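First chain A sits with chain B, and in the next complex the same chain sits with chain C.
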Partner chain A sequence: MPDKQAVRPGYNFAFLDEQTKKEIRRRILKAVAVPGYQVPFASRELPIAQGWGTGGLQLTLALVGPGDVVKVIDQGSDDVVNAVNIRRLLLQTTGVKTTEDTGAATLIQTRHRIPEERLREEQALVFQVPYPEPLRRVEPSEVKTREMHAEADYSRLWVFLYEDIVRWREITIGAQYPVLVNGRYVMDPSPIPRWDIPKLHMAANLNLFGAGREKRIYAVPPYTRVEPLAFEDHQFRVESFDGKHCAVCGSTASFLDELIDDHTGARRHTCSDVAYCAKRHQLLSENGPGAGRQTGNETGGGA
Partner chain B sequence: MLDVSRFDPVFDSQRVFRRILGCMARPGKVDFLVPEESGFAPDRAVVVVALTLLDEETTFAALGEGKDRLARFCSLIAGSRMVPSGQADFVFVSGAKACPEITDLCRGSLLFPDRGATVVCRVAALRSETHERGVRLRLRGPGVKGEASLGVAGLARENLAYLREANNEFPLGVDTILVSADGRVACIPRSARMAWD
Partner chain C sequence: MGYVPVKGGREAIEAAEDLVRYFRVRGGSAPLAAQQIQDQMRLAVDRVMGEGGLYAPFHAAVALKQAEGDTVEASFVLRAYRSTLPRMGYSTVTDTREMTVIRRVSAAFKDVPGGQVLGPTRDYSLRLLNLELAEEDSRQIEAFLARYRPRPDGGERPRSFPKVVDMLRAEGLLAEYATKPEPDVIPDLTRQPLTFPASRPVRLQSMARSETGGLMTLAYSSMRGYGNVHPTLGELRVGYVPVSVPHRHRAGSTVAIGRVLVTEAEIIARMDETEAKTSPRFTLGYGLCFGHNEIKAISTAVLDRTMQNAAGAAPAEDEEFVLYHADGIEASGFTAHWKLPHYVTFQSVLDRLRRMQDLAGEEKTQGEDTDDAG
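What follows is the complex of A and B.
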């Protein structure tokens, strides 16, 4: 049940007025019906700075209800300032229950990561998107990119990727790796690492994407094909952490951040998904070293 | 006039929207729009869908049985504007009788496929399994793991054929929200591939 004490008086439930929510909800349904297609919407001003996830936040505000348990992460952490601000706004305008536990959340808003823990059918993941247009790399005009999507004409993007291979012997795109959704639309998955891309393919959960500045909503429904663009002789590869493990929980099957000690200069790695790491760490300290055994690709990220 | 009492514009809208979304994202899934025990009128499900999705920014058309009552409701209560069915954002259809207008609804354009209509189709009953009085739909595509089965009573096979024709040029097409007299909902987005016995 929501926490009525936390709600600040004078706000609409979930901040937005009902007409605004209705409009966003109609757009979300169309986005789901045409997977990967960018639906225009009338983005609203919110009491957080542009570029801090107003697109994702508007989706979350149109979705959230008293029965939800919400988790907010930024780059895998629940505790950095962006995540804390968004969580506070959600709490103050809804009183909704919040959590850091991925498994306990019904609604997860994220910036730049997909949780390592595999999401379930009844969960929805909302992405904050800075640049929704995957063809912007090759075409500055919105009119032209819309035509290219209409005709499924992605030849210029393929040429761009091919030139990357000629020059660097591999596709150098790290985050924002373009994907083909349901065999029809090329989509920007937001600046998640390549590591997270395979998690979108045939996922059990609903994935929703919101871009505030560019006023776009798009979606990947559950059990939908999501294929990174790649060539026969240059397959898509996720980041490699060969021989490395998390210094906190020992994980060898999660996306790792590199930390450099200010004093000694020593390098170490920890899980980017902080809640996942904390859960594993606790499991290990309660049940001994065998408890955290990983069967290789449990997250779908190592494929 | 249809009954709009006991509908909270904030919390019931949110709950109804999430259930429609859950069904649109998982073609074949059947959910309750109206609490099972509430003893609702047969039109209750279509009323809550209209209250959740329609407003002054939307246009609608009503076709088939009960169309006048629905048209009055949508314009007076939801504030939506009535237009010819070929131009409407939302088209209310009675499923039981053949409705050939379905093939002439707005299907959007290649530039803006999201402008394709949403069909709200009233049927007698919806079940995840075969319904004894109805047709069994088999659905594939985004949102479906393998194949989904949906039992619908009170939906003419002609209307299924019209819907399939309206959706034969993806991404152009219409998205259908089926609402039943027993208060349930199921969806057939244009991305679904559909077959029936």
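What follows is the complex of A and C.
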């Protein structure tokens, strides 16, 4: 349901002043020109706390125009409070149209997920990023990590992954799995599940990443190679939902949330991407069971 | 559906906003006027202006009311408001020698030119809980104001004071900075990204907006022994400095647009023998912040000095450590963000943990098989 809220008087369109938007757009252009490279910018404070999506939001505010249709999701859902809150700020400072339909949006801001529905060339996906630096796991100093990127010296990260396998027989990184972009920069894809990583590879849409607190912008332009770090004899693997399906729409090709029933304690699974689930559910109820079969339109890593 | 994780959207948010308001006013007492906060919560207002990075006492007072007295939250509100304001221009350099001092002390010399000015300080008050304040009414305040006169010698105080560090400088005891930034190329941290190594102006700007408690903790760690800086407070002053901007039409002339209350601290520390290229000298640590906030100015000055240590072995000597972690708005926002749902990431971690347990189980079974065979 699109929120209907009045635009607050006294604020510039999209909250930020025009000088700031210009600065952010310039940084975005640089980020697009150097895929995976973290471009520093003078992040502004927003009326939403840092750590709650201010990086993504600044990109969205700098890009949004009166003709855009915006979708905001958090953990795959449009109506969790944080997504509602961010959408509320957008509505109150721009008055643009919003949607929950992934296909209908021109600009999508997300936290921790990539929609299951495949995005198109004319769409842009904006990620909220808590830790832009993929090397932070192995090196706390920013001066040193920037040097390591400049020299494409990722040996310590490779050793980290190798030691993980030696110790645990498996790479233990859950979400936020490091990727190599365009064969050059190792990049933090934000805390999306591994499930979503294959969707970044050669994606048709523009992917933009904003870290407000850490003051970095980076991008994966359309049709860019994005490869998760892996070894020849130890392949990258997405989350396993073997034998499980969504309790609402029956999908076996989407990332599932694990739910525990209040009363029985039984575990059920439902799609994390709520809009995708609702669309499938509606198709099923309108056209019978055959309509909801997986069409191959999904790009989930499990497919 | 039995389980709806943090959903409910707009209604829930609006209900929470109503509850916040209800908790603030449910006592039924008279509403606080922003002017009262501005006058009587002077130090809180100053702190919020400093950490919010906006010299606006009235707005800071309103922010404090909105935040129910939480200075970090109030600074955040003020800083977010600041993001909507375009940068109109830059002031000319303010010489703090021109400060109209309300307080000025030096710990380095017993007698300093101009003298020590204790000013409005609690330093030598007994911190006995003053229950009489609970009964204070406007009649008493009026009576006090009628009776109160500034001390007779107050009027004869010099308008400006020479700086203690200038005396050391004149004797050649103070190491000078190799390069002084030109006023028109001083970077603006609010418009340019923080990168490392950070220049000294950037460090000082960053600390001017940092959270008082954060700076104090880091500075205190150095004073206690994590680091090797032994500061002496050369001078601490609190007072009003004029703010001027270049004249729009007449090149070279300036227009005074007002004055701001600031606290300035200068600490003196001996340079390490290894650092001194020539004879031993003193070095200066400098701190300046909006309003009356002595702990913050002193902490800033100490950290300005610790970050000049080349070794950088202690946290307070590492500029990344200090500047990345002392900003109250960044730190509080991120600390609070753990309240956001993380169930997708958690699901992903859960998947890894189950996989590792399976692998460990396999290993154990294999191990037992081997034992049986042996």
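We take it that the second predicted complex is superposed on the first by the 292 of 303 C-alpha atoms of A that agree within 3 Å, B and C clash if a C-alpha of one lies under 4 Å from a C-alpha of the other, contacts with A are read in each partner's own complex, and residues count from 1 in each chain.
One rule holds in what follows: contacts are C-beta pairs under 8 Å (C-beta built on N, C-alpha and C of every residue); 3 or more make two chains touch, one makes a residue touch a chain.
Fair warning: this is a prediction, and the values are worked out from it, not measured in the lab.
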Chain B versus chain C as contact partner of A:Pro66, first or second or both or neither: first
Partner contacting more residues of chain A (chain B vs chain C): C
Contacts of A:Val159 with chain B and chain C, given as first, second, both or neither: neither
First (chain B), second (chain C), both or neither touched by A:Val32: first
Touching partner for A:Glu147 - first (chain B), second (chain C), both, neither: first
Partner chain in contact with A:Glu23 - chain B first, chain C second, else both or neither: both
Touched partner set for A:Val81, first chain B, second chain C, both or neither: second
Which of chain B and chain C A:Trp168 touches, first, second, both or neither: second
Residues of chain A that lie at the interface with chain B and also at the interface with chain C: 12, 18-19, 23, 40, 146
Complex interface listing, chain A residues touching chain C: 3, 11-12, 15-20, 23, 40-47, 49-52, 54, 74-77, 79-82, 84-85, 88, 111-113, 130, 140-143, 146, 168-170, 172-176, 191-195, 213, 215, 239-240, 255-263, 272
Interface residues, chain B side, partner chain A - complex: 9-11, 13-15, 17-18, 20-21, 24-26, 52-53, 55-58, 89, 109-114, 116, 118, 141-145, 170-171, 173, 175, 189-191
Complex contacts: residues of chain C adjacent to chain A: 2-3, 5-10, 12-13, 76-77, 79-80, 82-87, 189-197, 320, 324, 329-330, 332-337, 340-345, 347-352, 355-356, 359, 363
Complex contacts: residues of chain A adjacent to chain B: 12-14, 18-19, 21-23, 25-35, 37, 39-40, 62-67, 121, 146-147, 150-151, 182, 184-185, 202, 206, 219, 221-224
